[in-house]
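Below are the structure tokens for one structure; questions will follow.
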Amino acid sequence: QDKSKDITIVMPSAVDVVEPCHMMSTGYIGLVLRQNVVESLIKLDPKDSTPQPLLAESWKQIDPLTWRINLRKNVKFQDGASFNSAGVKAAIDRLFAPALLCRDKDRLFAGQTLEVKPVDDLTLDIISKQPMPLMPLTLSQIGITSPNTPTTEASKHPVGTGPYVLTSWNPTQSLVLKQFDGYWGKKPQIQQATYVWRSEPALRASMVAVGEADIAMQIAPQDAVNPDTDFGYLNADTSRVRIFMDQAPLNDVRVRKALNLAIDRGSFVGTILSKGVLPASQYMMSNINGYNPDLKVWPYDAEEATRLVEEARAAGVPVDKPIVMYGSDFMLANSNELFETLIQSWQQIGLNVKLEMVDKIQLSATRHKPFPTNRPTPTMVFETHDNAAGDAFYTMMVYYHSSGDLSNIADPALDKLLEKGSTSTGDERRKAFQEANLKIQQDIIPDVMLFHLESFIRVGPRVSYAPDFTTQGKLELADVTFK
Amino acid sequence: MIEVNDHLVEVRNLSVDFHTRDGTVPAVQDVSWYVNRGETLAILGESGSGKSVSSSALMGLIDMPPGRITSGEVLYRGENLLNATPERQREINGSKIAMVFQDTLAAFNPVYQIGWQVAETLRSHGVPKKVADVKALELLERVGIPNASGRFFDYPHQFSGGQRQRIMIAMAIALNPDLLIADEPTTALDVTVQAKILRLLKELQRERGMGLLLITHDLGIVAGIADRVAIMQGGKIVETGTVRQVFETPQHPYTHRLFDAVPGRRVVSETARTLVEQPLLIVQDLSKEYLSPARLFSRGATAAPVLALNKVSFKLERGETLGIVGESGSGKSTLARTLIGLETATGGGASYRGHDLLNRTPAGLNQVRRQIQMVFQDPTASLNPRMSVREIISEPWAIHDDVVPRNKWDTRVRDLLEQVGLQRDHADRYPHQFSGGQRQRIAIARALALQPEIIIFDEAVSSLDVSVQAQVIELLKSLKDDYNLSYLFIAHDLPVVRSFADRVLVMHRGAIVEQGTSREIFNNPKHDYTRELLQSDPALNVHAAI
Amino acid sequence: MENVTSTTVPVRKTERTSLRQSLDLLWRDKFAVAAVLFLIIVVLAALLGPYLFGQQSNRINLLTRNAAPSFAHGWAFVLGADALGRPILLRLFVGAQNTIILAVSAVILSMIVGTALGFVAGYRNDWLGNVILRVADVLMSFPSLLLALIVLYVLTPGIANVILVLAITRVPIYLRTARAEVLEVRERTFVTAADIMGASTWRLVWRHIRPAVMPTLVTIATLEIAFVMLAESSLSFLGLGIQAPQFTWGAMVAQGQSYLGTAWWVAFWPGVAITLTAMSLNLLANWVRLVSDPVQRWRLEAKEPSHD
Amino acid sequence: MNTYIVNRMVYSAISMVGLIILVFFLARLTGNPAELYLPVDATPELRAAFSQVNGLDQPVLVQFWRFLVTLLHLDFGNSLRLERPALQLVLTAFPTTLILAFSAMALALVVAIVAGALAACAPNGILDRLVNVVSLSSASLPNFWLALVSILVFAVWLKWVPTSGTGTLAHWILPIMVLFARPCGLLAQVVRGSMIDALSSAYVKTARSKGVRSRSIIFVHALRNAMLPVITVAGDQMSGMINGAVVVEVIFGFPGIGKLMMDSIQYRDFAVIQCGVIITAAAIFLMNVLIDFAYVALNPRIRFK
């Protein structure tokens, strides 16, 4: 058959699960499925994160707890089931099916349950127990699967309304998407997309170079040397070193300040990290609602940092105590170099920081509650976080609120601010979160904020594709065009 | 010397040196000889005089270095083999000139079947495999390997020393070579078999005009089949001539010594002792059956089990020399190996001073190991190639540390070397730097080192020229008298046995067919086999010749 | 009186000459000489490197990041700089210490344990030998990655544990090789001869079997050195390797991996150092093998005058 | 012979049980899989539910008992990561690795034997030095380095072969070559070493006196005597490869057992780890039996009880 309309996409690791409700939290499922196989009711505009219609034509909040959704007409699921309010209800209910252990559920609903009530064939109400001002954003993350999808086990053959059907999937080798003839919208150019996976970045880059693949995800910055084919994009990941503030010397704010001042963030840019990375002042990107544009990145001032450490020492803080920083090298390209440089910067201002590389499980276990009540050593951990859902809520409540699963801060004033932000809307909401970010950076200093990270993609000569910050979580084949 | 090349093979002024750590050993110096078609040249000589080296040289078998041919030429039908290309040498080797090696166990490839190895000579020179196999079997039968077709697929270590020697001969005569170099080809053969083999060689000579270079120390054989003799000593040929000339009018003092030492001239050994003590060694109905091992991957008929020992019973008294003679393959070595615990007996019993030799207790074991020593039939294999002679001979003292104090080791080693006719400074050399007879003497020296109560000699003096042999036997006798040692002396050399052994066992097909004092056996043989044995002894011819 | 002189004199004589003779024999094999010289440099680097260049080799300088080999930045940078701008040459010197400690102890440990067990298994054909072999089977089939993870979780990471993991996983090769050789050597007549002389098992094994078996094991061990150095680098991605700022040549190779396309020298030089070390050890082992084998020694001795 | 095989099987079965016990319990010391499968901010309820569904909340002994019971029905359980029968995953991955390992090892043996034997003919000669340098380099080259460089050279620059993946015969070339390098170098050294001894023995002299061609003196007479350590080391290397040619499989995207095991270990996919270990161990045990037979076949003097 005609291969000229087929492309191959090479990814860093296997698509080992294709269950749409793990899309947000597991591997590269979203990249493959989202908007290609399963579509959501609403999609976000990549520029400013505003909700746009997709399977829903319109929506509105009819009372604090209820959102009314109007569905698009003439849409069919790939298995022939018709797309209507009953189908959407089934899809949303499926997220809560206990046997499914939906991994995105927590993130999306934070413990809430939703009730879906079809109003008529193409209208439905979604009712929550507590107000959900972010309902459109939430809906943009949910893939609407066919009502025939099993609810007792993870789907191995996801069926949605998207322009592509999953035709074959071998978790050890490849996955193939083929165009769906009955798609309701505009037909994309790509006939068929084959996804393969290779863990070696240089190999992925080479595969595009020799024409074995058309798009290579996540190539290493040092291999991205050809401006015609290699594109960098901010990938929504922000990195920081979290400080566990429960122990001396890390419980001393001077020491935490010093940790921040010791890092020459600018020197990383274009060297160890690529040119496009941005030093960060807060744990979210500027397109997120709640980002505080007035915050400045910590300056580099080693003298001041040394002075602070000495001051703390004079005040009896045990600054010589060994501090452990956990890192793991699956997190970003050149992480080893980054860690070594950080460690050395801190050692130069007189803090005894040591690196301990651990594996994924250990790192993850260190990051979330329950935290150990008495740690053997003062501890920091390197982590990255991406907020692609557009609102500060998804970051702040988890990482900074005292009830957050990943938070090691218990500051009542901050809690208040965050609660205010999460329940209000509009300007008030934004202000509250911005204020919280200010307080975090200026008073609490629970972390050493580092960079908004950049990823690179290599696009072969046959096709064109422009990545953006959503590319980490989805790659719409419709956006790929032949030259 | 005639300069016309009418000789089959002629060696002119050959000299071979060996490089060693402490200098150069001139193993062969300026040696010349020739062999004509159908003629037999015997090289007699002192052990270590360069017989093997000079004959290896003409087949291009000397490792160079460490060896070095410093002068001379080897002419085969006028062609100087020392200048031949390796490919030419290969063509000649095996098909035109063939060799029977002295040390047969080491000379066979341990991992290939005997039949295969014999047939290989043929295959290497273009005989198709099928034909070669048939021919090989025929050859094995011809040299008198019992049940040859059944044993075609056996491995070298499963044969007796004499059988290996015969297989070696079969291998060498496979292609009817022009010249056969036989280096001590009959050292492990009893006289009956030996006579058969020599007859075979003679036949080949007659049929095909084969030249025979016979290296031997056995004057009887020389007298029997050689046309001319060359006598070597210390790397040189000291005397050469027809058998008659040399035997009747020996010129060189060494030749004189050689003839004087011929064992048959001395009287039959007499037992003068009255046996009051309990016997040292009691062997009762000892049997050993070699089951044909399950052949995992090889084809071939399943051979019938070999009954190597069949209800053997005898006693060894203290201070006694018990000679064991018998046909090659009759189970002599097996008897020795079973007594020493290397083979598990399949029946019967044996005890040493009340210690059961077959089911040993650890305590008894140590005693036995201290008091019974053995000299193996294949001396080369029994010497650790990585140990110097000093280490080899002093090893028993290291094991049994009460025998000789450490600071005396060096002198004692050198004394022992001297006693067995080697040089004191040989102590620093390694086994591979010695000749066959020299290695045999190292093994003897090692067995003597402990002065055990019993020493088992398995063809221990077979590679020694008669003068050295006489010296060694003399040494053994005096040790026996001084320390009241007992010997189990396995040999096929009847004159030696006659003059050395007090009593004699005659073995045939795994059983003892006759035993008695030397006098009884030699003067009044009862069993048919014994009679046959005595009749075919060529030593008698020597006396006629001299 | 006479005995005293005659035994002491030759012993002294042979001892003196044997040292000189060994040097003499070494000189005959120019490759072995080169190997010894290289190993001396490595050992010196391992001893002194961290004291001489410890500071300099760890100083991060992003200006010289991935600098190509040249004299432009001073002699320390002749082999180029790594991704953090540190001089590779000095890092090779400093890394030698950890590398050598790690590789040599892992190899020696596994060799001793493996060989000892192999001797027992080969010599004693009974239940004990069988048990040892089955343990080796188990070790061979246990995934080494899992083993590494287990050690990481149960113990704390550190050089001792790296050595432990590497040693455990490499035991079977020595064990099985030693056993196979012993099975064959113990059937040789000279071993039997010593046995019936009353030699203890220990003596048989040590004096007779070991010298015949060792050369093969040593050959394997010299190659294992390189392998262990590299295996360590692949452990470091689990966090089990040696932790920065400590480093080894293996870790340097691993770090250079991502720069193969752009800065080949980062992974290349430490790789060369590993290969050269292995090669030197092997050449030296080959030399020792010749010297210690009386049957082969002439290959070195005979070299002085050229005959023919 | 038969008793030997029976004994061997009994012992192997015992060690298999030991291996399973070791793997089962030790693997569970390496952290809770929930950390990997669930997002870091998962609620405790979700974590609990995950553990319960996958039976990880039970005491380890109970888990082991269940494992044994299912194992008796030849059921190795389901993969946590891929949610399909572990046995099926292992059995589809295993042949790839076997083919890879066998071809690499066969090639390595042939090349190593020829090179090592020729080198041994003249120790310290030019050929010997050459073989030494090449074999030592190939034995000490980092695998991943070799893999990446050979991709760069042969696939990217020369475009002779595809970079990676499976499909055509050409896809096998690079992985096999990379896999082949280390065993080949190692074996060449081993062959060289033991051949030097064998070539100076008396039976070689006999063969020369028989006029045997030097090729067959080297490869028939000496080689067979020198094979013992060679097949042992080859066996060790082979079992390393059966256990997974991890680097090669990962880099080249070869869906073999090495990659499967590595992923399973990293993802604490216990069922697959256990199944993989059992299958590979069975293969390795079998190979060791064959190697022991080979000892006897190669050298008739070797005996086992």
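Order of writing sets the labels: A, B, C and D. Residues in every chain begin at 1.
One rule holds for everything that comes next: contacts are C-beta pairs under 8 Å (C-beta built on N, C-alpha and C of every residue); 3 or more make two chains touch, one makes a residue touch a chain.
In this text the structure is predicted, and so the values were computed from the model without any measurement.
In terms of Cα centroid distance from the overall Cα mean, chain D ranks first.
When chain pairs are compared by contacting C-beta pairs, C-D ranks highest.
Between the CA-based centres of chain B and chain C the separation comes to 46 Å, rounded to the whole angstrom.
Rounded to a whole number, the gap between the C-alpha centres of chain A and chain C is 47 angstrom. Separating the CA-averaged centres of chain A and chain B is a span of 88 Å. Residue positions of chain D touching 2 or more other chains, listed in rising order: 30-31, 148, 152, 200, 299, 301. Each of the following residues of chain C touches two or more other chains: 149, 152, 260-261, 293, 295, 299.
Of all residues in chain A, those touching 2 or more other chains are 202, 359, 362, listed in ascending order. Every pair of chains in contact is given here: A-C, A-D, B-C, B-D, C-D. On the chain A side of its complex with chain D, the touching residues are 14, 16-17, 24-26, 98-99, 101, 103-107, 111, 153-154, 156, 170-173, 196-200, 202-203, 206-207, 209-210, 212, 359-362, 364-365, 367-368, 398, 404-406. Contact residues on chain B toward chain D in their complex (touch as defined above): 56, 59-61, 63, 86, 90-95, 98-99, 101, 103, 106-112, 120-121, 124-125, 155, 157, 171, 293-294, 296-297, 380.
Against chain C, in their complex, chain B makes its touches with residues 19, 21, 64-66, 68, 105, 340-342, 365-366, 369-370, 372-374, 376, 378, 381-388, 395-396, 398-400, 407-411, 428, 430, 432, 446, 450. Against chain A, the residues of chain D that register as touching in their complex are 30-33, 35-43, 46, 49-50, 53, 81-84, 89, 92-93, 148, 151-152, 155-156, 159, 162-166, 250-251, 253, 255, 259-260, 263, 266, 268. By the touch criterion given at the top, residues 1, 200-203, 205-214, 216, 221, 224-225, 293, 296-301 of chain D touch chain B in their complex.
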